[in-house]
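Once you scroll down, you'll see the structures, which are given as structure tokens.
Two complexes come next, and they have one chain in common, chain A, joined by chain B in the first and chain C in the second.
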Partner chain A sequence: MEPKEIQTKLLALLTGVAPDIDPASIEPSKNLRDQFDFDSMDALHFATAVSEAFAIDIAEADYPRLASLEGAQRFVEERLAAR
Partner chain B sequence: MQVEFHLPSLGADMESATLTEWLKNPGERVRHGEPLATVETTKGLIDIEAYDDAQVLEHLVQPGTKVPVGAPLARLEISGAPQAPSPSVPSQPPAAPAAPVAAATTAAPAPSPKTAHARISPAARRRAHELGMPLETFARSAAGGIIHVADVEKLAPPATSAQGDARAAMRASIGMAMARSKREIPHYYLSHAVDFGPARDWLIGHNAPLAVKDRLIEAVLITKAVALAAARIEGFNGYFRDGRFESSSAVHAGAAIAVRSGGLVAPALLDANQKDLPTLMRDFSALVMRVRAGHMRSGEFTAATITVTSLGADGVDVLFPIINPPQVAIVGAGAIREQPWVQGSQCVARPVLTLSLGADHRVTDGRLGARFLRAIAELLAHPELL
Partner chain C sequence: MAERTLHKTPGSLEHYLSDYESARQRFDWSESRRALTGSSDPHLNLAHEAVDRQVERGRADQIAARFLDREWRRVDVTYGDLQRHSNQFANVLRSLGIARGATIATLLGRVPELFSAALGAVKAGNVFCSLFSAFGPDPLKTRLQLGHVQLLVTTENLYRRKVAPIRSDLPELRSVLIVSEGTERKLPEGTSDFACLMDGASDAYQTTLTRDTDVALLHFTSGTTGKPKGVTLTHAAVIAQHATSQLVLDLHPGEVYWCTADPGWVTGIAYGLIGPLTCGVQLIVDREEFDPQRWYQILEEERVNVWYTAPTAIRMLMKAGTALTRERHYPQLRHMASVGEPLNGEAVLWGVEAFGMPFHDTWWQTETGAIMIANFAACDVLPGSMGRAVPGVEAQVVRRTAQGTLEVVESPEQVGEIALRPGWPSMFSSYLEDPERYRQSFLDGWYLAGDLARRDNEGYFWFVGRADDVIKSAGHLISPFEVESTLMTHPAVAQVAVIGVPDPIAGQAVKAFVELRSGFEGNDALRRQIMGHARRLLGAVVAPREIVFSDSLPRTRSGKIMRRLLRARELGLPEGDLSTLEGRE
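Now for the complex of A and B:
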């Protein structure tokens, strides 16, 4: 999967679990907790969506890697490359 | 028999709502607990659920109309005796129901239609509705004269952006509820530090083999522990109304959820003490999604019998929460942090959770409050019991 495609998909997943954020306002490098006040439930919703959409398993210890959109991108790329 | 269906009070801070959509038309049947209409409040869109199985006869209010709490919305034909609008949805025993009606009809500072008619022109009244201004505002300033549209606009608050309005309205309604709480409820506060290690270890072991969507979060364990303790120790679960405490047999745990555009809501996880952790987790997850989507249900708004508020990972150690009236207790959970902890004669680093309790002195004292907090701590020390 192309990086661009992953990026587009991640953005859609994020706005899916957080329909109350403005997609245009997302700063990909910024922590979602700082940026959008993400709580542990939001983080779990995002992890679930990423896990299901890309068919990858995400251990709890890996949750911090999904803290920002950019982090999530790197994580997904690594996981897909390792397959 | 025919009954009127009134706009219920969806919390101590609600005075009015705007009907946005009818979900059932005249002639259609609606079942107990099924959404009848959607209203817009300062907390977002809320589906108003029917109290009885009924047939809709007539809509009394059209979409776009702002109405005070307690205003008739529709006429319904029901079979048998009507259920009073209960704050505790489906499974609640019929002990509590009577009071909420009173709350819905008398608590609302609904302007007397007669006074309003006499002093305000119909066009001015319509404009006031559009601006979201209570008619009382003018009744006082009328001084015998008639209020016209121009007078309404003179008194209207300056227009701001729609989002700014929503934020201000949310702040105003939180302010109103919390001011009432601080004015009426003699709070006392207790806090207790807990070694969250056993709960965290249990949680890690429980979650490890599960798909992400089936995993539990700390807040669910804490909520379940609070609900179980509230069911065991009398005096923290229920409502203080009409000068006395009404204990509730059902435990509907309000979960304080921050709203991203500002403010917070605390809808209920119904029967939280009776649900197993995976079920409670699913309910909690769905509740948060409804809050995020800005579309909730009336039942979960009026049902909470106690509230739990967690600061989350980036919070601070302790919070001193304010009771959400007419409830009588609120349990706070600070951020869980590694802290020095004495175990035997050793000082070790443990994940420490500080629980706090804000409770109503009209109902309980610190001694019982301490037992309640200790019961929660005990349950968290034995997560397999949750």
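Now for the complex of A and C:
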């Protein structure tokens, strides 16, 4: 999967969980919780959605890697490459 | 359930409550008051007991609270610091012309300034109200108006996002003080700098003479209908908060104690600030949100002795797995308790597996001002039970009779409503501007809690459910009415009903059933748009996690939407008496 495609998919999943987020306003390197009203239940739902959409297992210990959009992108790329 | 009982064996530590029956018999609230204040002075100030009394007892240089930030920087605040900072804030209030009795609010994360403001306001004889910083502008406006808040302490970021848009609707809000986060461009118009005012204020202040019956704290909680309930607690609440911090949390002077509740809710003030400080402990305050690895690191590195947390967090830790728990060691940890929603037996037992000790469930409400029913550190635990009535508290399971009176359910295992006999010092003194609702909370000399439970023949209570439609999600009490009102402001929404549905982590999740206006099509894009609208106005914790479109919501003949029926359908339960239902289906 191309990085661009991953990013598009991640954005769709993120705004599915938190539709109040304007994709254009996201700073990819910044923690989502610092930019938006994004709570721990949102983080959990986002991680579950990413796991399902990309068919990858995500251990709870890896959840912090999904804290920013850039982090999530890197994580998914790594996992897909390792397959 | 007897075979699941977790028996306790006496350890080396002296517990505040070791023999339940004799503790109940001996207990006397006036004795607790004397033990707390060390005198029979008729004046009592909740913040003075939490801070100044501790300084008097030689704790000026002892750490009262340690704040942790994301980069693991520690900010330590001693009891002496708390005394000086709260005095400065009390002087700031006077210099700004805020009169005694006026309400002061904070809209802050877990920062030291919140402590200074809370304690300073109460010492000055003002009413303190902590607002949950994750609320959106809608719930904030309702609460600031209902509380007649005259001064608000917040940050530039929160002010711009949540308060500036509603400021013109808040004519009573005279002053807004901004706590610096180090990133501000410049102070927003109509606000002042918190630090600047504090620096200019004297750190000496003679605590205002207040009485047991004067209001000290205002907490908002959610009801089924109408506005949020403004629950007032008096200075006497500190007597019960202190006693239960000893009897239930078993806090000993000098111990390290971590309460994970946000100060935006009553637990974060009663047991995240006031009660534990009156016991002379060191509080841990984490500024970050929940994260399993971070939490385990805090428990280990900060050498936490007593930990008070919530079922949602415990279930998230369970999900993360015991292997993660065991990556660290917690030799100092000796007592774990939980509050916020019923703790399932599996979570209690998981505590034993992961930490070698059970979580002790506790039950209380904003209205009760302190823990009323609990599992105690030195007593046997029945996993899944709420525990037994705290000494000094008379709790029963009751039923309303056809004559409009109450009868106590004497036989065990029968479901009824939890009722408490007034007389404990932290019982709420009013619902703001709603004396009728306050009156209706009492019947036949009992306070009715609105929670259904049964009691076994050993006196342990078992939670059954809420008697009303209020939703409990991740420890937050959410009013379906408040969520519905905001959803109705979306142009596509014609009718809406909001209920709580079971959620494996949060206990309940908020779900909305929406009837659309004609001309709108119920597709995914619209669903997201409505959800985004709700999150912006209500905040993520209150907004629905799920929205479904429905062509016809079940209504009574008078047009009232039947949430009970929606809930029954959702859970596959019997739908009950439908005789008042309009035949639309």
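We adopt the following convention: the second predicted complex is superposed on the first by the 83 of 83 C-alpha atoms of A that agree within 3 Å, B and C clash if a C-alpha of one lies under 4 Å from a C-alpha of the other, contacts with A are read in each partner's own complex, and residues count from 1 in each chain.
Simple rule for what comes next: a contact is a pair of C-beta atoms (placed from the backbone, for glycine too) under 8 Å apart; a residue touches a chain by one contact, two chains touch by 3 or more.
Keep in mind that what you see is a predicted model, and the values were worked out from it rather than measured.
**Q** In the overlay, answer first, second, both or neither for which of chain B and chain C A:T15 touches.
**A** second
**Q** Check whether A:P64 is in contact with chain B, with chain C, with both or with neither, and answer first, second, both or neither.
**A** The second partner, chain C, only.
**Q** Applying the touch criterion given at the start, work out whether A:K30 contacts chain B, chain C, both or neither, answering first, second, both or neither.
**A** After superposing on A, A:K30 lies clear of both chain B and chain C.
**Q** According to the stated criteria, A:A47 is in contact with first (chain B), second (chain C), both, or neither; which is it?
**A** The answer is first: A:A47 touches chain B but not chain C.
**Q** Check the residue A:D39 against both partner chains and state whether it touches chain B (first), chain C (second), both, or neither.
**A** So A:D39 meets both chain B and chain C here.
**Q** Which residues form the common part of the chain A surface touched by chain B and by chain C?
**A** In chain A, residues 18-21, 33, 37, 39-42, 44-45, 59-60 are touched by chain B and also by chain C.
**Q** So in the complex, which bits of chain A are touching chain B?
**A** The touching residues are 17-21, 33, 36-37, 39-42, 44-45, 47-48, 51-52, 57-60.
**Q** Where on chain C is chain A touching in the complex?
**A** It comes out as residues 134, 136, 289-293, 316, 319-321, 324, 474, 505-506, 528-529, 531-533, 535-536, 539-541, 545.
**Q** Flag every residue of chain A that touches chain C in the complex, lowest number first.
**A** Where chain A meets chain C, its residues are 15-16, 18-21, 33, 37-45, 59-61, 63-64.
**Q** In the complex, go through chain B and note every residue touching chain A.
**A** 204, 207-208, 211-213, 215, 217-219, 257-261, 284-285, 288-289, 292-294, 312-314
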